[in-house]
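Letters A, B, C and D mark the chains in the order given here, with residues in each chain numbered from 1 onward.
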Amino acid sequence: MFKLITAAEAAALIKPNNRLAIGGFLAVGAPESIIDAIVAAGIKDLHMIVIASDWEDRGVGKLVANRCISSAQVSHLGTNKEIQNQMNSGEIKIELVPQGTLMERVRAFGTGLGGVLTPTGLGTVVEEGKQIINVDGKDYILETAIPSDFALVKAWKADKDGNLVYRKTAHNSNPIMAMAGRITIAEVDEIVETGELDPEEIVTPGVFVNYIVVNKEV
Amino acid sequence: MFKLITAAEAAALIKPNNRLAIGGFLAVGAPESIIDAIVAAGIKDLHMIVIASDWEDRGVGKLVANRCISSAQVSHLGTNKEIQNQMNSGEIKIELVPQGTLMERVRAFGTGLGGVLTPTGLGTVVEEGKQIINVDGKDYILETAIPSDFALVKAWKADKDGNLVYRKTAHNSNPIMAMAGRITIAEVDEIVETGELDPEEIVTPGVFVNYIVVNKEV
Amino acid sequence: MAIDKRAQIGARIAKELKHGDYVNLGIGLPTEAANHIPEGVRVIFQSENGVMGVGPAPEEGAEDHEMINAGGGFITTLPGASFFDSATSFGIIRGGHIDVTVLGALQVDQEGNLANWMIPGKLTPGMGGAMDLVTGAKKVIVAMEHCDKRGNPKILKQCNLPLTAKGKVSLIITEMAVLEVTPNGLLLKEVTEGFTVEDVVKATEAELIIPEGLA
Amino acid sequence: MAIDKRAQIGARIAKELKHGDYVNLGIGLPTEAANHIPEGVRVIFQSENGVMGVGPAPEEGAEDHEMINAGGGFITTLPGASFFDSATSFGIIRGGHIDVTVLGALQVDQEGNLANWMIPGKLTPGMGGAMDLVTGAKKVIVAMEHCDKRGNPKILKQCNLPLTAKGKVSLIITEMAVLEVTPNGLLLKEVTEGFTVEDVVKATEAELIIPEGLA
């Protein structure tokens, strides 16, 4: 059962060197309040696991611009000059991961798998240093689970049992990241009574959710 | 885009030695009409991939009782004496697969993965003959994707774009099996107009669905 | 098993379940625990076919044929329940998100090994979800009769039936006793009223660590 | 690129899309294809962040901030659309359920190799979803200007930039020509009106198979 906390309290749980799996894509579905609180708390040397590095002033890009991040596993940097600069200067260490592979590696950690075999990246730099395994005559790259200490996600609504639903393309990586944190913190727009969400429409069961932050109290 | 067919037409697509991934659990969420049509068509030497072998007169148990099945990958036989008899007499070849592993192996095939690493089965007969891979100090069994020619699933409703929703515990393996057929045939209770299903509540997008059978015309 | 024995074991299991725990109860005896959760304690029950928030069995005539648990029994759901596919369900299990799972056993041994899915040549129900549950749950409790129907011990030095998982059991609850699997072996924690330590030792093949002062 | 060139390439891509196809269009030029689907042909567009059934861009003022495509542009959805998580979205892609993907390229070569995500030391946008799309889609079409901004060929004997995937491209559509990747090399299938075979050969580093009778 989750505990209701503020964004500042969420940030206070996070320590330098923690690994954060953060939901969202190009800042849609990003847990902006928690991100702002991390920036405000001045936490440094974090590792982030994200699809994209967003913009300098939106989404996880704010963590980069404020130098909270020392390393990242990410698939797309194109919208954020700052992360490219920090990468080129050596301030931030980047592992580029194909987007589908990133999702499977995060899901693997959340669901207790050690990794998956994927054809994505065969014959490219992505396969370098990795084990190639042949199954039924086809080669695959062994891609290992990506562990995270915290999953920070943005959902649309939670109920009082911590069940989450997402809105439109703000789903993106959030339901996957939500499974994957040793501690999962969900930022939501509102908390509704238990029973108000249709059991068939719940995307993330409350079992995955440890803390909830409401980002706008009406 | 799917084609609407009858259960008999669905059965006519299926040939001896085909591999069938069939949704349902203890006959809840089983595509009974398609199963009946396969029995009626007298198709033999089929391979089935199922969570459980159900009962002799319900679910996939009917395929066993009518000797349509020569081999199976399955996790639970306990409710079906006939399959245990056929196994003991050598008529049917059984690979017992832990239920969670079965789901991941089927999902792997549907999503283009070659397999997954799981800790389930370590130190048991399940690991025999399989590769053990160590990731970050922990051992895992390499479990490979289970291919299937046809996925036969039961959904609650489809819309005219082939999008599927499931009802209550009749979800079970259906959404996973639905992703995994080279050809996916969905049996549904009714087809509603496109747009009637909430885009956020659709579980199986129509992209996975090749044929639909309506099991009761009102 | 007699109803009072079942109730007693069920009540003892229930004491292991804390407010807010997510719990998976195996078929049969373990489900008895659900009848003994104290008022004010909220435990959320999963069934591995794909539902969280399982409630009591429905009244006769009110069964929904698409509402079953992993044993095939009809269920109801409580407010806050959710339905999902079996891959997600086993993702919850294998991913370590279930606090406690309680299962029956054919055999369990002093190293925490469990055998509960096969008697070669005799019985092959299959492992179903048991291997994933025992591998993934944070705490694995075995609940069973102390001996088999012929009176032979089921708590052994070493299981000789095919294993469900290796070294994953942490607690054994029977009608006679409660035993904890420790790195040093099986610790006898409680003896049920009406039995003596000697009774338990006699009914157990495994060696037991018996703390001083245990009645 | 001039608007008429874009439109011409978009229209040519559209000819490759059949009724009922599930299609993923990459950012930029490939999206132009959506404006040229003939009436009566229904193509369903996926965006890999997690939506099937993408419609045209919304009118100004009607944007929904939680409705974007993989390029970050605002979208609408059509009846029959569905939203899902990115793992499912890439499951669709990698699992071979997308009929056609159309992407831009920095380089493409006569073996069907594609490079479109990195210029070492200069530009590292990352591969995003491109590697999965090119690996998983049933048919991979590259749509791009025939040469780079300096007039240098982008269709090479062998890519020298880091690859996106090996041997997966099947068709190349530019403002000058349409080329098919065959086991024997690049087949020149069409030359756009206003260009000659010689123009194409000159603008292409790769060797071309030129069928007899091609104007």
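For this structure, a couple of remarks:
The definition used in the following text is that a residue touches a chain if its C-beta (ideal position, glycine included) is under 8 Å from a C-beta of that chain, and two chains touch if they have at least 3 such contacts.
These figures come from a predicted structure and were not determined experimentally.
Chains that touch both subunit B and subunit D are the following: A. Taking the mean of C-alpha positions as each chain's centre, the chain lying farthest from the centre of subunit A is C. Rounded to whole angstrom, the centroid-to-centroid distance between subunit B and subunit C, based on C-alpha atoms, equals 29 Å. Rounded to whole angstrom, the centroid-to-centroid distance between subunit A and subunit C, based on C-alpha atoms, equals 35 Å.
Distance between subunit C and subunit D, defined via averaged C-alpha coordinates, is recorded as 55 Å. Residues of subunit B in contact with two or more other chains: 104, 107, 112-113, 118-119, 166-168, 171, 199-200. Looking at subunit C, one finds that residues 83-84, 90-91, 93-94, 135-136 touch two or more other chains.
Chains that are in contact with each other form these pairs: A-B, A-C, A-D, B-C, B-D. Of all residues in subunit B, only 25-26, 28-29, 51-52, 74-79, 84, 87, 96, 98-101, 103-104, 107, 118-126, 166-176, 203 touch subunit C in the complex they form.
The part of subunit A that touches subunit B in the complex is made up of residues 104, 108, 112-119, 131, 133, 135-136, 138, 140, 142, 144-145, 147, 165-168, 171, 198-201. Remark: subunit C residues 19-20, 22, 42, 44, 46, 52-53, 77, 79-84, 90-98, 135-136 touch subunit A in the complex. Note for the complex: subunit A touches subunit C at residues 1, 107, 109-113, 159-161, 163, 179, 194-195, 199-200, 202, 205-208. If you check the complex, the residues on subunit D that touch subunit A are 47-51, 64-70, 72, 75, 83-87, 90-91, 93-94, 113, 124-132, 135-136, 162-167.
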